[in-house]
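Two complexes are shown next, each including subunit A; its partner changes from subunit B in the first to subunit C in the second.
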Partner chain A sequence: MLSVESLAYTYPEGTEAVRGVDFAIEQGEIFGFLGPSGAGKSTTQKVLIRLLRGFQGQITVLGKPLNEWDDSYYEQVGVAFELPNHYQKLTARENLSLFRTLYSGDTRDPAELLEMVGLAEDANTRLSQFSKGMQMRLNFVRALIHQPDLLFLDEPTTGLDPVNGQKIKEILRQQKEEGRTIFLTTHDMTVADQICDRVAFIVDGKITLIDSPRNLRLQHGQRRVRVEYHKDETSSPAQHAEFPLDGLADSDQFLNILRTNRIETIHTQEATLEDIFIQTTGRSLT
Partner chain B sequence: MNIQRIAVLMGKDARLGATNFMAVYVLVMPVIISLLIALVFGDLLAQTPRLGIYDPDGSEKFTRPLLDHPSINTTLYDSDAALQSAVERGSEELGLSLPAGFAAALEDDSAEIDFTAYRWGEAGVRNLLLLESALARAMTEGIGTSIDQLPVTVNAEQIGAANTQTWSQRLLPLLLIMAIVLGGLFFPAASLLDEKKNRTLVALTSTPTSLLDVYLSKTLIGFILSGIMGTIILLINSAFAGQVALLLLVIALGGLMSSAFGIVLGSVSKDMDTFLGIIKAVGILLYAPGILKIFPQVPEWIGRLFPTYYLMNPLLEVSQNGAGFAEIALDIAVLALISVALLVLLNSVIGRQQQKLALET
Partner chain C sequence: MIGTLVVNDIKLFFRNRFFAIVTAIGVVFYLIIYFLLPNQVDENLGMAFFIEDREIPLYQRLIDENDENPGGDYTIFDSEAEMLTALEESGDFFVGLSLPADLSAAAARGEQVELNAYYAPGVPAEAKQIFHDVLVLVANTINPETLASLARFNDTGIVLGNDMTGAPLSMRDRFAPLLLMMIVIIEVFGLATLLNRDVDNGTARALVTGPLRLHQFFVGKALMGMVLAFGQVLLLSAVMGILGTAPLLLLTTLLLGSLLMVGLGFFIAAISKDNTSVMGWAIVFIIPMVFPGFSVVLPGLSTGWIELIPSYFFVDSLHRIINFGAGRADVAGNLALLLLVGAGSMAVGTAAILRKF
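For the complex of A and B:
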């Protein structure tokens, strides 16, 4: 679906934003592109959506070199930006209807899309009266209006409350089930962990790691269990202890704690994607 | 380039532009000023020719047909001095000071008839012709014979400035520049700046719509508005005359020049404040030929230094002096050259805008 080889991009003023990036995305995959600000993820996305020209390397999208695509590229590609960009004097329905007419293929009914992200009741409200979260939801569904094969989404859950954030993640999973490929740029590791099939870490214009979140957790997490407990029924300070996950059932000390104390929590010590990112790149995401 | 998408974008721009106060203001202002000028200087509400008569005999034999004439306004005066004063201030375009015994002399075929006609210096040719025709008919009806058989001597005397240009004619060049140039320039620029401000330009270009489609739609809408505004101003000022096809050609070229300039300004301006600042700075250069035309004593070559002269001058030549293509060919060539230069510049601006879009997103 999408393959990138030795991608490099230098801005006109001389900043090398991307330096030899390689990755490939299969059809129906949700691929997370993670990194801190200035790492090169936005530049990579801008090259992939043909906003930035003059890159070095080979990029093939939908079976054709990116350089050979013309504006018909966007008939098969949907783009949602990090910041809302709508006509503020038009209503939500009018905004979607306008963009719908710009495509030559089949498009989805704006009412259906608005319903999908909980904006049906605000369909006839001007965008100037929308909150940022509402505008972000509209940003997101606008990218789906022409039923593209490939979606480029930049921070699609930014500014959303947990309920709406969850709704967007469900829609993304549904899009994946329908066979769509999704390139997701984010610095939200939780979102990436929950919905991405694979993630790539990019730092200083280079990809440092690509794998599935599960594999990363297994490779980089500690195989240990942490127990928090109280020694008696009083409100004494909580104690904690850690045990290797392997041979846990044979650990007398662990079993003794379980039998004789009031247990507060028991957790395996899996690494989060953020921990792995920091561990492998030596950089934080902020 | 996709015509259907350009049409969609034009529809959107027309709708959004209708709610843009500045764009509407720029379009409505020249029309309001035209109407006000017509009202103040009488061209709109007082098209009827105005005739004043001083007849010491008070005989109605000659004056009655003129007083009853449906197409002219005739007023009688008590004295020659009052009549002269009325003509001097423009209340009457023609004043007839009849000698004593005028009516009787009309009936006497052999009598010599001698009278004075005062002409207001700024009276229009059209009204003077109508008045002369009405006078000849009144005399003929009064005596029952042909006017050319009468031994009449008319002492014509002009009162007021020798310049026959009315104020509305003098202000017409400025109004034309305001309507065609500002109408064509402001709308595309304001629309493009709105797109940049709301980041919708990048949203549009992330669909099959190209930046060229967006720019063309805005240039076209400016071009159309410019044409409509130019035609309206000419019509309101009774100047949509002469070779209409030539007028439309000049208006079209002027519209192209203005809208291309507008979209270039919209591209290079960071925001609306910057754009308005540029307009304030270069506005005088756009208006200069129109302002200079208000003062006929200013040498014509000074106006030629400004690009908008080549839009204004051919329009005036065709509508006021009945010029043909040959007389205005040079002006049209210069206007076309400026438009082509702006279109070449626009092409370069589109390329740079693509790069800026990526950097600003």
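For the complex of A and C:
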């Protein structure tokens, strides 16, 4: 679906933003592109959506080199930017209708899209009266209006409350099930962990790691379990103990804690994506 | 696609209450100014006379002229007080001349005489000198020994610029090109604001990452600016009743003028950060652009450097077409330069705005 080989991009003033990036995304995959600000995420996305030209390397999208695509490219891809960019004097329905008329292929009914993200009742409200979260939801569905094969989404859940964030994640999973490919740029490790099939860490214009969140967690985590417990029913301070996962069922000490104490929590000690990012890049995501 | 963009932009323009009100008020205001201006030129130089000695030849000559041409430039009063009252209250006279009773006799004796001349406040020194000379000549005609018998005056009329003999331009005529140009220039502000918002808010980026191409985006914006400016000047021209004068040539001029201003609008949008800076930059560019318009209204104030301002070719062409019935050949040079400057302005404006993408 999308393959990038030795991608490099230097801005006209001389800043090397991307320095030899390689990755490939299969059809129906949700690919998370993670990195701190200034790592090269946005530049890579701008190259892929053809806002920046003059890159080095090979990019193939939907079986054709990016440079050989004509204007029909944008009939195949959908783009949602990190910040809402709508006409504030138009209503939500008018904004979607305007973009709908620009596409020559089949498009979705704006009312249906607004319903999908819980904005049906606000269809005729001007965007100037929308909250940031509402504008972000509209941003997101605008990218879906022409039913593209490939979606480029930049921080689609930023500014959303947990309920609407969850709704967007469900829609993304649904898009994946329908066979769409999603290139997701984010620095939200939780979102990446929950919905991405694979993630790539990018730092200083280079990809340092690509794998599925599960594999990363298993590879970089500790095969241990941590138990927090209280020795009696009184309000004594919580105590904790850690045990290797291997042979846990035969650990008398572990079983004894379970039998004789009030258990507060039991957690396996796999790493979070954020831990792995810091561990492998030496940088934090903020 | 471009049509959709233009329609959308015009919708946005009129949904902006400020632009909608300013545009409506602007058109109405300019029309009111136009129709309030006098459409005729008062060519009379009102002169008041009190001639105490009615035997002198001048008195009879003025009486004869008044009989031949009633309501002419001369009015003869029966007393100096009556003349002074008329001078002060009517406002119809530039000058009042009072010739004393002993003028004839004193002049004949070669004695000094006092001639009283009364001027409206504002009459320039040169005009006063002319009236002094008239008085001297009047005195000379009384004494046959003096200048009147010795001199012959050959008056030769030389036309400087357009020969407006018998068809002087009224203020209304002079203001018409200026008002049309003002409408087009004011639209620079609206266009620059919309374009600046599109680029800074990211809507432009959202559009060009859809099937709309960058060049289509710019063509759409340019068309929107031209439709806005052109629509208003068409309306204004129609109400002013000047569309009948070489309509094709007039429309071509208005179109080329709009092109120049659209380029300027692009440039202002490119160098501005927000609405406030758009307004600031627009004022910086709009004021000099208006200067050539005043050279049409007040031609005496015009100096050579005015012709270096690009809008000069625009307003001068409008002036020639509307007020002098100029044809294609008369304004071809102006229009060619306007096209050149307009294309240059579009190129610079587009290059500048591209840097913001």
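The rule we apply is simple: the second predicted complex is superposed on the first by the 286 of 286 C-alpha atoms of A that agree within 3 Å, B and C clash if a C-alpha of one lies under 4 Å from a C-alpha of the other, contacts with A are read in each partner's own complex, and residues count from 1 in each chain.
The criterion applied here is as follows: contacts are C-beta pairs under 8 Å (C-beta built on N, C-alpha and C of every residue); 3 or more make two chains touch, one makes a residue touch a chain.
All of these numbers come straight from a predicted model, not from anything done at the bench.
Visitor: Based on the superposition on subunit A, does the combination of subunit B and subunit C result in a clash or a fit?
Guide: Overlaying the two complexes on subunit A (C-alpha atoms) leaves subunit C and subunit B clashing.
Visitor: If you count the residues of subunit A that each partner touches, which comes out higher, subunit B or subunit C?
Guide: B
Visitor: Which of the two partners, first being subunit B and second being subunit C, lies in contact with A:229: first, second, both, or neither?
Guide: In the superposition, A:229 contacts neither subunit B nor subunit C.
Visitor: Could you look at A:53 and tell me whether it touches subunit B, subunit C, both or neither (first, second, both, neither)?
Guide: first
Visitor: Touch check for A:98: first (subunit B), second (subunit C), both, or neither?
Guide: Touch status of A:98: both partners.
Visitor: Check the residue A:11 against both partner chains and state whether it touches subunit B (first), subunit C (second), both, or neither.
Guide: first
Visitor: Does subunit B (first) or subunit C (second) touch A:75, or do both, or does neither?
Guide: After superposition on chain A, A:75 lies in contact with both partners, subunit B and subunit C.
Visitor: Check the residue A:87 against both partner chains and state whether it touches subunit B (first), subunit C (second), both, or neither.
Guide: In the superposed model, A:87 contacts both subunit B and subunit C.
Visitor: Mind sorting out which residues of subunit A both subunit B and subunit C touch, each in its own complex?
Guide: 49, 51, 71-72, 74-75, 79, 81, 83-90, 98-99, 101-104, 142
Visitor: Could you list, by residue number, the parts of subunit B that touch subunit A in their complex?
Guide: Those in contact with subunit A are residues 5, 8, 12, 16, 19, 198-200, 202-210, 354-355, 357-359, 361.
Visitor: Give every residue of subunit A touching subunit B within the complex, in rising order.
Guide: 11-12, 46, 49, 51-53, 71-75, 79, 81, 83-90, 98-99, 101-104, 142, 146
Visitor: Which of the residues in subunit C come into contact with subunit A in the complex?
Guide: For this pair, the touching residues of subunit C are 1, 4, 8, 11-12, 15-16, 201-203, 205-213, 357.
Visitor: Considering the complex alone, what residue numbers of subunit A touch subunit C?
Guide: Residue positions touching the partner: 49-51, 71-72, 74-75, 79, 81, 83-90, 98-99, 101-104, 142.
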